[in-house]
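Input: structures, listed below.
Common to both upcoming complexes is subunit A, partnered first by subunit B, then by subunit C.
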Partner chain A sequence: MQKLGDFKMPNFFNYPPYFTLQPVKDTREKQIQLWKELILDYCRTQKFFIIELEKEFPLFTNPVIERSLSHEARDIFLSALVSDGRAEWMDKGHRKCLILWHRIQDWADLILRFVKDNGLEDSVMTVEEIRSGTESRGTELHGIDRTVLMRALKLLEHKGKLTIFKGTSADDEGVKFSI
Partner chain B sequence: MAGKWLPAAELTGSGRPVLHTGEVECSLLSSVDLECEENPNFPLFKSGLLIVTTHRLLWIPASSTAAFAIPLAAVSHIFSSSSSAKKSMIKTMFASPRVRIQVSATPEGRVEEGGSRSVVITLVLRGKSDQSDSFSGKLWEAWRGRAWESAGDSGSSSGVGGGVGGGGGVMSVRMPVVGVSGILRKEQEMWESTDKSLQDAFQDLNALMSKAKEMVMLAEKMRLKLLSGSNNQASAANDEEMGSKEEMQDWLLSVGIASPVTKESAGALYHQQLSRQLADFVKVPIERAGGMVNLIDIYCLFNRARGTELISPEDLLQACSLWEKFDVPVMLRKFDSGVMVIQSKSYRDEEVLLRIKSLVLKPDALRTGISASDAAITLGIAPAMAKEHLLTAETKGLLCRDVSPDGFRFYVNLFQEIVLDDLFLVKDHGTYSAWVSAAVASR
Partner chain C sequence: MRRRPGIGGLQTAAAARDQYRLLGENVAKLKTDLMKEQLATFRSQLEDFARKHKNDIRKNPAFRSQFHEMCAKVGVDPLASNKGFWAELLGIGDFYYELGVQIVDICLVTRLHNGGLIKLEELCKLLNQRRKSAREAVSEDDCLRAISKLKVLGSGFEVISVGKRKLVRSVPTELNKDHNEILELAQAQGFVTVEEVERRLSWSSGRATDALETLLDEGLAMIDDGHRDGKRQYWFPCVSSISSYVGAETL
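Coming up: the complex of A and B.
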């Protein structure tokens, strides 16, 4: 079985037509679904948050069978994720794509659970502490993309669960939970 | 009933007359009645297609079922159409032009060559009057050409110089040229020793036209000679020689449609008659190609067989599209890609799909896919044709494509077998598992 890092690849990753956009409607639909699943699976286990179309992405090239996705195919598969709400384009030119294997709402719920599990209901934390502090180690929040985290925090702020404020250092922000 | 008075004529499957050796069509005219005033029992021959050939007058009813023929040899006199009409000027202005011919018949009145009695048959031309003038001209020409007289001896004569050429001044019937010229030029050195008169034929086109018939005969003779030659020396002849002989035979076989339908002879009926002739012609190449041939290939083959009476692509297309109106066993088909083919009506896509399916399921094909040329070799058809079949199979979900720097290949479609909920699941005994084991075996 072929592996990419510690990610086990499904058999069809070596099936050459998987890398060519299929013109027939039914086949194309199934192909897009398979790509969506594989991208989400891979990004979740490998903690990939951003896919840049013009840069190498391990999933989009298979050196074993010497096949690689065309730019058009990458755009189509990621756009399919975007329309499912599982990804967002970060620029109008479709060069960078934010992959949301958890939706923002799900991330917000994860933050709330994390706060409750650690008894931080009235505490203050920096954003950086949530991403890489000792408390978050071993949870899905550890190593979360900053953009995704800020989006989830803003959603919670909107619901009155916390307040975001400028920290002492210029590049970091603080969060005051009030759950 | 009608057969009692006129000899029957044979028709091809698509309703074209079967011509005798050396017989050529001169003129076609629709909406013609046949009448015989002397014979009250003479049946109604209403509004049929009349064809003047060098040998016969053929009458085909609109239904194209059974045709009848009056051998020109039986015609003893052709009355000028205007002579009888002088009686009444007013009548001639409105009545259909008539051509009366005196033909020999048996004592009972059946039209026959060398019969003791003679009857007068009237041809009533109901079509446009301007056509009828040229028609009677053509009839006169054909009758006076007496081509049927030379047909007998030229067929059996050993010398090529015999036949029509002997007629001298009687050569008023223009023989359409049949397309041997190109082939003959290629093989000219073989021919030089055969007959000096052939040399003259290459000097100018007029000479060539008068020699056309001889050349078809010579081609036929050479084919037979080659056939017998290859039998006799089968053991001695080396392979290369055999190969060139077979090739030569093929050339000679594709030489001739003896009487190509032309605008000149068929006039307004041109496309209709061309369409029927084409339907007869394509049977053999379609059969040889397994039921389907590219339209372009047919265009080349058809024009090659017609010799110098070439038709335009538009004429071919029009002739093909007329097939819908006739009961012919072939049809024109247009693929999504725009490629047009002629296929027999009995042709079934399913059979080809089955063959393609068994092809892509072979271990090698599972692993590396198949190209259009792979399929062409297995199916025994042209690569362009094979590609159309593969694309059809793709549309039906049987195949899917792989486009890479290595080329355009097709694989058996596995997408529908992969389970979305479990990307790693490979069901036993499916195409997917067959592919997995073939793919693993290759590493």
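Coming up: the complex of A and C.
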């Protein structure tokens, strides 16, 4: 079994035709389904948040069988995730894609749980602290992409669970929880 | 002998006929009794045998297959009825029904990947994987028997031979001779190219393309345009292990 780091690749990854877009509808649907699952699984376990279509990405090429996904195929698989609500294009040209293995709403719930678990209900934290501080170590929030985190925080702000305040630079944006 | 006229003559003839009939019936009855007796002896011996080797029949696929062969030779079908003494004795009917259900299930799960055609070998492997909690190993022979029972349901399950391999078909697709030949050719590497089909089978390019397109449409083939030489390859999940691999993860 082929592995990328500690990630066990599914078997279809070693079957060359899965790297070519299939012309027959049913077959293609199955193909897209398998790729969607693989992309989400991989990004979740390896903590990838952004996929850039034109750059190297471990899933897009399989050197063992000498196959790689065409640009069109990458676009189609990611677009399928976008229409499932599990990804978002970050630009109109479809060059960068934000992968949401947790939806923004789910990230927001994770933040709330984190806050409660750590008794931070009325505290102030910087955004950076949430991403890389000692409190979040070992939780899914550790190492979260800044864009995703900000989106989730804004959602919570909208619901009145916290206030975001700006510091002098992007690095010291802060959050005041009021849960 | 000259036939005498009159009622007496007719009566004699009728009496003679009756006598012959009686005699005939006696002979037939004797024969039947004898046969019944032999059959009973045979049956009881077969039962004894089955009882004695019950565990072997249950646990050992090779032995089971030989037992089936022996039964077939003497015209006994242990699977014919679930209520018969065979079922009670061996639980053998249930065994094959159970296999049948599991086979249907595996074929359905893997269908998306292989278009409803799967190598018997693969099917058997998956079946064993799935039944790993059960003690008895299942042989290809058992699979074939279970599938032949499925036929009764008109479910469209069929075993087809392609080259030396046996494939199990679970979709009503009719494969013609051309398709079979392509599948046979594909067994070597798992895929074929149009050129290879033309060359190896001496077909016109139209014939090769037509057959390959049909196989694509049926979901039995997948294309691969990624090879260095730029030639399109037609892959057949049903002759490689991928069908079960992909399917096995969801089983």
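By our rule, the second predicted complex is superposed on the first by the 175 of 179 C-alpha atoms of A that agree within 3 Å, B and C clash if a C-alpha of one lies under 4 Å from a C-alpha of the other, contacts with A are read in each partner's own complex, and residues count from 1 in each chain.
The working rule: a residue touches a chain if its C-beta (ideal position, glycine included) is under 8 Å from a C-beta of that chain, and two chains touch if they have at least 3 such contacts.
In this text the structure is predicted, and so the values were computed from the model without any measurement.
S.K.: Could you tell me whether subunit B and subunit C fit or clash when both sit on subunit A in the superposition?
M.R.: In the superposition, subunit B runs into subunit C.
S.K.: If we overlay the two complexes on their shared chain A, which of subunit B and subunit C does A:K8 touch? Say first, second, both or neither.
M.R.: A:K8: touches subunit B, not subunit C.
S.K.: A:T147 contacts which: subunit B (first), subunit C (second), both, neither?
M.R.: Neither subunit B nor subunit C is touched by A:T147.
S.K.: As a test of reading the superposition: which chain, subunit B or subunit C, is in touch with more residues of subunit A?
M.R.: Looking at subunit A, the partner in contact with more of its residues is B.
S.K.: Given the touch rule stated above, what does A:L38 touch, subunit B (first), subunit C (second), both, or neither?
M.R.: A:L38: touches subunit B, not subunit C.
S.K.: When the two structures are overlaid on chain A, which partner does A:P23 contact: first (subunit B), second (subunit C), both, or neither?
M.R.: So A:P23 meets both subunit B and subunit C here.
S.K.: Which of 59-67, 131-139 or 239-247 in subunit C clashes with subunit B after superposition?
M.R.: Of the stretches 59-67, 131-139 or 239-247 of subunit C, only 239-247 runs into subunit B after superposition.
S.K.: Show which residues of subunit A both subunit B and subunit C reach, each in its own complex.
M.R.: Residues 10-12, 15-17, 19-20, 22-24, 26-27, 30, 34, 66-67 of subunit A touch both subunit B and subunit C.
S.K.: Enumerate the contact residues on subunit C facing subunit A in the complex.
M.R.: Residues 112-113, 191, 216-217, 219, 222-228, 233, 235, 237, 240, 242, 245-246, 249.
S.K.: Can you tell me which positions in subunit B touch subunit A when the two form their complex?
M.R.: 369, 394-395, 397, 400-406, 409, 411, 413-416, 418, 420, 423-424, 426, 432, 435-436, 439
S.K.: Touching residues of subunit A toward subunit B in the complex: what are they?
M.R.: By the definition above, subunit A touches subunit B via 8, 10-12, 14-17, 19-20, 22-24, 26-27, 30-31, 33-34, 37-38, 41, 66-67.
S.K.: Sort out for me which residues of subunit A touch subunit C in the complex.
M.R.: Touch residues, subunit A against subunit C: 10-12, 15-20, 22-24, 26-27, 30, 34, 66-68.
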